[in-house]
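Have a look at these structures, which come just after this line.
Common to both upcoming complexes is subunit A, partnered first by subunit B, then by subunit C.
After this line comes the complex of A and B, so read on.
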């Protein structure tokens, strides 16, 4: 009979039950959407921030020492890293957080006879097949995504444009170069002819340089297999006290602190792991970028947490009100059940079962809708999907059940105190 | 043998004395009507006899148990086991069918038995309407479902509060015929009414005014 009564309530009062379920669904959808977005916002904002360039630079140890001592960049030219070791960057513990990287080798060349032109050898969209099986396109095409291609287009390494270069806007203007022109580059160890694939406007010193495929710069500088530095773009966790302490001296950490630091994607721990992977190098954070990223992330997360908490409070109040109202509406029915011999426990059991079933249905609908809302937010704000976080399912489930039950407690308490004579006779 | 003995009960609400030193005895198998104008204390009397309220003072012995001294939990059990209630407003659960409404009383009493509930509906002439919802039944039919629900657990006492108050003459006669049948079968009936015709159908009528028992009328022409 218990289930017949439950079934009767749902089948014959489906409109009323649906209304309660939809209110619960609305609350659950808000909670689901905000929790999913909140949990994914760090990755999303991080990805967005990565379009603004690298946050780690890797340079040869000798060059770094000289640079630190004298703060003179030119001294670094004497030291090199090996190109063959580049792939090791993607073998560190936080390899998945390395979203992009590019090697750089600078040399001076004569361009169409004009001496003293800076030539930067690098990867553009270099395809890597890593030993781990991962396929990756790395290089300045994505690492310098803010460059404005004034003429032509990005140099496409994968289309085998080995004999092409990209020319900075300033030097192109000075020498009257345009996309499609052919230029002659003369270095210390030979001469190469190259086509101008594009003219870029970076809005800085880079506009005075010519960017060429790495092997071309290596050939002209007589530095086969060598690179001057690496820029790395990594998804990082904002620094905290532990990260700052570790960045100063990892040796000062206790074992547990070390493990925590090593297994967290702090920029300092990623730098440390790169230095472990590539011998004789110094990896350092581009502090300004890393700090700004951390600050933006923290503020965005705080904002999302506040919005989420407010949404949850709003949902909870909505659910509570409707559940209370719907239970109180049934006071006469409950009074009758008491009159025919029902004890408080039986009545509470009946009402709670109905509420829990409604909450489960509403919660399921709300979760689906909420995940949809999250995708709308993801696509409209970040231009990509929000990842489904499994952790949100139990959180929303517990939340919906708790809020629904909490919402029904005052109503059930009044029902239990209900005097059947009062509701049945109006006395 | 008396089933109900009400001894000097009073019920006082703040600023109102609803019942004032009322005594009454109802024997097993007797049909008693309680009459009186509005505000005379009829419903208060019914609530106390029906274990839904307690007197401020006095004793109410139902089948030998002083229900005035029982806890609310025990009163619920006594009501469930010994009393069948019929209301003026019917008070059927609107999302349950007629037979399910009868089974609700079975469910809280012991075990629901659909066959027995169908028989109870058959007894009040509603077997054909068993699967209908209250909203699909007329007022008379709803009251008959209410009667079937009151009888399903074979109570010692049937308490009816203005059972014909919302019915037309035809349905009033159907309900009174049902009461006559119950009386013939030995059921003790207490009917609260302000309708003299309904009161005249009973063996004995108690008249209340301003919370006091002012008159007791034996129906010499009573025909069961």
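After this line comes the complex of A and C, so read on.
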């Protein structure tokens, strides 16, 4: 009998039930979409912030870097890292968080006879096939995304353009170079001719340099198999007190703190792991990028959390409201049931069962729709899918059930308290 | 006159008598209006607030001397920076670089304004204290390691004037500094010695000469380009340059964040508005019998629709007003918690929220009322 009544309610009142289910679905989809986006926003924004370039630099332990601004006399013997050690960066504990890296080797060359031009050997879009099966294109094409290519194109290493270089805008203007020209580079050990693949405008000191494939710079500098420094772009967790303490001296941590620090992707723990992997190097965080990144990530996340809370409250109140309205609408029906002798308990059981069934159907539809909305946001804003977080399913389920009950129970109780005669009379 | 009085009495009586139902409807409208005004306020304010956060990436504009002169003066920098709105200028740090010797080994000394450097490069991490006066110095981590100097130590810097090469005996100028802090940036600044501009002038004997000035200016790339053009035209001695790495990346990331907030706002609003409409529909369709009764008593369809619209208008107006206030309070709370700054009230948003609330309420009422008036009153009253 109970089931027949419920079935009857759904068949006869399908329009009203549909409306309730629709509202619950809307609320649930809102909650699903916002929760999914909120939980994934940190990763997504982190990826976007990679446009600021590397957040870790690795240099040889005894590097004398004084040659930077002025040619200071009494330069110490330059220190190098080995090119063969480069792959080890992708073997550290947090290897998956390392999204990009490139080696750099600087040397002075003569360009078309003009001496004292800075030549930087590096990777452009170097293809790496890692032993783990991962494929990765690493190099300055992605690490220097803010460069404007004024003429020509990015040097394409994968097209085996071995004898090509990219020239900074300042040098190109000074020497009258254009994309497609052929230049002669004379280094400490030999001479190479190269095609100018492109002219870039970096809006900084880099405009005064020529960028060449790594092996060309090594040949010109007589430094086969050596590199000067490495820039690493890693996805990191914003620093907290533990990370700051560890960055100063990892030895000061207790064993459990050390483990927690080592197994969290703080910029300091990634630096530490790189230093473990590559002998005689110093890996340090580029504070301009690393610190700011953490700050912006935190703010974005907090913003999304608050917007999510608002939408959750909104959808919860919306559902409660509608359920209350729809229960009140049935006052006459409930009065009639009471008048023909039904127990209060069986009436509320009936109404609640109907509402819970509707809520489950609506919630399931809403979850699907909400996940769709999350994908719309992911694809149109970040150009990639929002990861499905399993945690969202129980949260939305509990929210929908609780909220439907919260909306219906007080209304049912207040209606049952009324005298059936009065209710039927229409008061 | 009488007619209008009656109309108002009917609307207000209907709202008052059916208190609990109307409360439900009002709550629905208020939620919708709160979300509308709160999210739109945030959407308008996010670029400004987020832009301020991006200033933690440091200087995005640099002044250098024009190609034919040998340096900038403080006056030129001041005249150029005066062309930037005071509220957009987050920080300005002038720099003058000279090569000096400490213990006979060369180090680059940078003369700057410490407060300016602190505001243009908020990511500088100083162990110890920032120098607060003349005779005090901040040293880079690399310098600290080379000379084994730390906060509290003193160092003696020696400057050999430029003409020393051909002159027979030029006395090098010597000054002693107290190290107050060690600078950690992960960049080339770690190899420098930072002193005040006055100390630099005393050390070199040359006054009022700057190499570059770093500026941190809030605003997007187009605004910065405008400023750069204005400065290049207004103060020809100064060449302004944008730090592409910072401006371009900020542009990319900020655009994405804005798009994110926009899309979220649109989806949340859309869903909320539909939610409000369904609730209104539920509340109104409950009154089919009332509509039928009125029709049976001889009320015209138009007057019934007008009455419901009037109720909707009142509900929408009150809900919109409440929602505007609550929404602003929410936006203010977000701004305080996330960005530590308050939000400006958008006066236009108040009428907009009220109008949207009224429209949504009105439209939501319309279809159930129409369907009730279309049907024969006898059928409606019978309950079919």
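We adopt the following convention: the second predicted complex is superposed on the first by the 402 of 427 C-alpha atoms of A that agree within 3 Å, B and C clash if a C-alpha of one lies under 4 Å from a C-alpha of the other, contacts with A are read in each partner's own complex, and residues count from 1 in each chain.
In this section, a residue touches a chain if its C-beta (ideal position, glycine included) is under 8 Å from a C-beta of that chain, and two chains touch if they have at least 3 such contacts.
Treat the numbers as computed from the prediction; the structure is a model and nothing was measured.
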Which of subunit B and subunit C A:284 touches, first, second, both or neither: second
Partner chain in contact with A:236 - subunit B first, subunit C second, else both or neither: neither
Contacts of A:303 with subunit B and subunit C, given as first, second, both or neither: second
First, second, both or neither for A:97, with subunit B first and subunit C second: neither
Subunit B versus subunit C as contact partner of A:1, first or second or both or neither: first
Residues of subunit A defined as touching subunit C within the complex: 16, 19, 22-23, 26-27, 29-30, 33-34, 37, 41, 45, 48-49, 51-53, 57, 65-66, 68-70, 72-74, 145-148, 201-204, 284-292, 295-296, 299-300, 302-304, 306-307, 310-311, 314-315, 317-318, 321-322, 324-326, 328-329, 373, 376-377, 380-382, 426
Contact footprint of subunit A on subunit B as seen in their complex: 43-44, 46-47, 50, 52-53, 73, 76-77, 79-81, 85, 87, 89, 91, 93-97, 100, 103-109, 112, 133, 149, 161
Residue numbers on subunit C that touch subunit A, as the complex places them: 20-21, 24-25, 27-28, 31, 34-35, 38-39, 42, 46, 50, 53-54, 56-58, 97, 99, 105-108, 121, 123-125, 142, 184-188, 191, 241-249, 252-253, 256-257, 259-261, 263-264, 267-268, 271-272, 274-276, 278-279, 281-283, 285-286, 289, 330, 333-334, 337-339
Residue ranges of subunit A in contact with subunit B within the complex: 1-2, 4-5, 8-9, 11-13, 332-333, 335-343, 346, 419-421, 424-425, 427
